[in-house]
Amino acid sequence: MHEKERDLVSAFMRGEMDRRELIRGLGALGVTAGTAGTLLNMAATKAMAADFDWMKHSGKSIKILLNKHPYTDALLANLDNFKSMTGMEVAYDIFPEDVYFDKVTAALSSRSSEYDAFMVGAYMTWTYGPAGWIVDHNEWIMDSDKTNPAYNWTDMIEGVRKSCAWNGRPGGALGSDDAMQWCVPWGYEQNNLSYNAAMLENSGIGIPNNLDELMEAAAKVQADNEGIYGIGVRGSRSWATIHPGFLSAYSNLGEVDLNVSADGKLSAAMNTDASKEFHAKWVKMIQDSGAADWSSHTWYQVGTDLGAGKSAIIYDADILGYFMNGGENAMAGQLAYAPFAASGNGAPTPNIWIWSLSMSKFSRDLDATWYFMQWATGTEHALFGARNMDFVNPVRQSVWDDPMFRDRIAQSYPGYVEMHDVSAPGAAIKFTAQPLFFDLTTEWAASLQKMVANEVPVDEGLDQLAESVNRQLNEAGLG
Amino acid sequence: MTGRSHRFGLSPRFEKISEVQHKGIRAGRISREVLPYLLSLPALLVCIGILIPFGTAIWYSLQRYRLSQPWNRGMNWGENYLNFLSEPDFWNTLQVSLVYAGLTVVLELLLGLGIALLLRRRTRLNNFISVILLMPLMTAPVLAALMFKLMTNPNFGILSYFMQLAGFEDFRWGSDPSTALFTVILVDIWVYTPFMMILLLAGLRSLPPQPFEAAALDGVPRWQQFWRITLPMLMPYVLTASLFRLLDSIQQFDIIYALTQGGPGDTLMVFQVEAYLNFFQSTNIGRSAALLIILWAITFVLSNMFVKNWLRLRERARGEI
Amino acid sequence: MQHQSVLENWLRGIALALIVLFFMFPIFWILLMSLQTNETILRSPPSMVFSPTLSNYQAIFAGRLDSNAASLDIRFLGNLWNSIILSVGSVGVALLFGVPAAYAFARYKFRGSEDIAFTLLSFRFAPPLLVLLPLTSYFQTLGIADTYFGLIWVYQLICLPLILWIVRGYFEDIPADVEHAYRIAGHGWFATFRNIALPLARPGIAAAGLLAFIFAWNNFIFALVLASADKQPVTVGALAFVTASGIQYGQIAAAVVLSIAPTLALALYAQRYLVEGLSLGAVKG
């Protein structure tokens, strides 16, 4: 870093100038806003280093496994700061999402010590935790010798933080007192509506406020706009079809996936009358206004179609709507956001997906790895990513309170922050935590596909599903 | 390389002489007894490493073994297999695998035979066509699936467009359970028909001309010639090629995994796709292994039949040279 | 040959044209797609009139991809390189081990030879996942997970049986008398093998090697289960490329073209051997 630039940054750190002045000053020196962010963060990182022996593991080297994702991009952009602050070396492998979890499973099930930490979703920890492949991170988080004083664990949004903690008992409540912190939240997604404002306006319809209105809106907007379909939701034969909009609406209507009896036994709960009614509506919505190739839609197609102007509304991850509103998308700048409660009563309660980081039990040096973990999930990196990169949604309240971040989002993504604030209090994982999660949700998605294809009536399909779920639970000794 | 050779072992004369050599001139060299073992040893060693995981898979298949419930792991002997009996999913997998294999083999056989008959005469054009028809076979099946995925995209796919022109406004290819099987079979046919074609063509061209000449002299109509002479004489080739394809087809993974991952619904849940998902997604190792063992049992029977047929065919081909 | 009517010739011609169209069209169309921008690809109705561009190939060679979610580095060329290493390496090893074994099975009838030969062939037909899934943990224990060595070893599952059985057929066809005469002249076993047997079986070795190369190149499942990011061949890489590049259909098409081009070129170049190999040495046409 050149002399002048360093002076500017130091002045900023001492509080002698505000951020705009700093950026302007750096701009005058030919430093772009992105680089300025990195520089600034470097300084912030140094400030952080003052109260904690960050160099303790200097010279050590760790390896992490990452999914191809904007979060990864943000991490790599800032990684040099970590390296220079700690003197540690960080190697990494990046896999595309299609094969990412197969690779994680393969590495962990073979007890490979290659990777010290990896990206993971909370659902995966329901397999990895009980299998004994990941550690209870509480051991490090709560240890003030190992965690820097500025880490501020409780800054993590409560619903998100607790959704990553489970006591390992099938059906056990997430975030209970005896829960193990299987993973540390990194970035997360709420499931709400993102829509093409012009298309809705063209049809003269407002923002839908419950499931019935959503169905009507999807049908009408499809009829009134040429060459598009009304609503984008996922449909591939995968657990990923169940967890976004679908489960958010389902649980908002008061339904659960599994019943947990007093003695801890699990049984299927998806064939209640109310559930059947909901499924019938959802299926009809896809049949009437969904994508023609819905059954192959993963999050990527759902987002791409919205961004390309091929669909009007998506009920999916809010960050999909965020990404599609930028870059080279045809509809960039024309998307809007709305929180959504399927019941129409009260606040939204979206189910969430949490990209998290976990340490592998087979790591050779967990303490050193924790240095990386606490930095990557710490406030400084979260702020850096949120301000300068697409590291959204942040899992830390302090980042959501950060005026710079709010300003940036409010300017380019109007309505996004408001949507988040409304639905964040109710946001949590709505599934019952249990080790057969992937078996049961994949089968649920397969049933849904059969119902949409009219291969089986909704009632019958759900009864069959429940029967099969109960059989599998019994077989695994959970039912 | 013409002339009759001895199929197995050395000619008696050679054997005698080499024995003499062994005892006399070649004393001290590698013994004749050991040499063949030495020669095949490296190949064997490479493959033994493969037998071990095979044994492991059998062992897994006899266990209650889910990675997500390590405390529950233990031998349950045949329970994984017994469970299949009452499991609709298993019967669906068996049915889908058999239907897929059956349909692809029959369709590819008919098409391959038709093409081979058309190309039977050795003209320059025919030879050229038979060579360019090999190109799909040289394409990796997973990439072929990808190509068809691009061509059946509802927004811009050329095949979707053709379907629209043909009056099927809403043809959804791999995305609809009623057409998904058709779509993957189409890809399979595209890739593997040339294999049938090339084997049958080689067979056709090796048939002796005399019976046909005699039939022509007797004024036997051409279509009768086909049924009475060509087909019976070609039968060993038909059988060998079909068995070979059946073996591959019942284990299909690449095309289905790349196109639909077994969906929509359970429409395309063939053995290997189901086993893959069981292993990596559900981490239900025991069930995954049991599925594969059953698939192996099926292929074992088929491959025995195939090898027997093939060896007979080779002996015949040699006898006719 | 029989007399053929004009009508019949026409019908034949039409049938052949349709067949060639069906089997060539996908390759042709993907090639066209790879030369178009997204804009022209997305036109409706599809059209063959466009000004061709090499931008998709440029993006792949530059290794950088700008998709709608993020711009990212792609290692597609790395995948191509991996495919080359894995295929060449596998065929090399398979020839090294397979040809002598094939010779042994063809020339010497020794105890268990048929059983061993059949066992080796049957590997070709076992469900690959049956072996691959347990291998994931063994590879870890042996320390060969994520190495070319480990992958090439597993690729022997497809290459070795193929070479063994096709080449064996060719060795069997060499009259024993020829070798025998050479040996009487005082040459040793190895000299005979090298100077007589190998050259005479060369067409078979070429056919088998070529076919093994193509099967290795086209293999998907082995690498899907066992290869890590930096060892992936094109077949796995191309599938991942679909999600990574999202809406950039032209680039997906270009990647497909680049992935199938080597095997297609090889097939056209060495068609004679290929036909020999494909008919499994069963038919000497």
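Every chain is named by a letter (A, B and C) in the order it is written, and numbering of its residues begins at 1.
What we mean here is this: contacts are C-beta pairs under 8 Å (C-beta built on N, C-alpha and C of every residue); 3 or more make two chains touch, one makes a residue touch a chain.
Just so it is clear, the model here is predicted, and its values are computed rather than measured.
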{"item": "Between the pairs A-B and B-C, the one where more C-beta pairs touch", "value": "B-C"}
{"item": "Most distant chain from subunit B by Cα centroid", "value": "A"}
{"item": "Subunit A and subunit C, separation of their C-alpha mean positions in angstrom", "value": "40"}
{"item": "Distance from the mean Cα position of subunit B to that of subunit A, given in whole angstrom", "value": "43"}
{"item": "Geometric centre distance via CA averages, subunit C-subunit B, whole Å", "value": "15"}
{"item": "Per-residue overlap in subunit C, given as positions that touch at least 2 other chains", "value": "239, 242"}
{"item": "Residues within subunit B bordering two or more other chains", "value": "153, 155"}
{"item": "Subunit A: positions in contact with at least two other chains", "value": "102, 106, 109"}
{"item": "Subunit C partner contacts - residues on subunit B that touch it in the complex", "value": "1, 3-11, 13-14, 17-18, 21, 25-26, 29-30, 32-33, 35-37, 39-40, 42-44, 46-47, 49-50, 52-54, 56-57, 60, 114-115, 118-119, 121, 129-144, 146-151, 153, 155-156, 158, 161, 190, 193-195, 198-199, 201-203, 205-206, 216, 222, 237, 240, 244, 247, 251, 253-254, 257-258, 271-272, 275-276, 279, 285, 288-289, 292-293, 295-296, 299-300, 302-303, 306-307, 310, 313-314, 317-318, 321"}
{"item": "Sites on subunit B touched by subunit A in the complex", "value": "66-72, 83, 88-89, 153-155, 170, 172-178, 260-266, 277, 280-284"}
{"item": "Subunit A residues within the subunit C interface of the complex", "value": "68, 70, 73, 93-99, 102-103, 106, 109-112, 114, 298, 300, 303-304, 307-308, 323-324, 327-329, 390"}
{"item": "Subunit B-touching residues of subunit A, taken from the complex the two chains share", "value": "101-102, 105-106, 109, 126-127, 130-132, 236-239, 291-296, 310, 435-436, 438-439, 442, 446-447, 449-450, 453, 455, 468, 475-477"}
{"item": "Residues on subunit C engaged by subunit A in the complex (per definition of touch)", "value": "66-70, 72, 136-137, 139-141, 145-146, 224-225, 228-230, 236, 239-244, 246-247"}
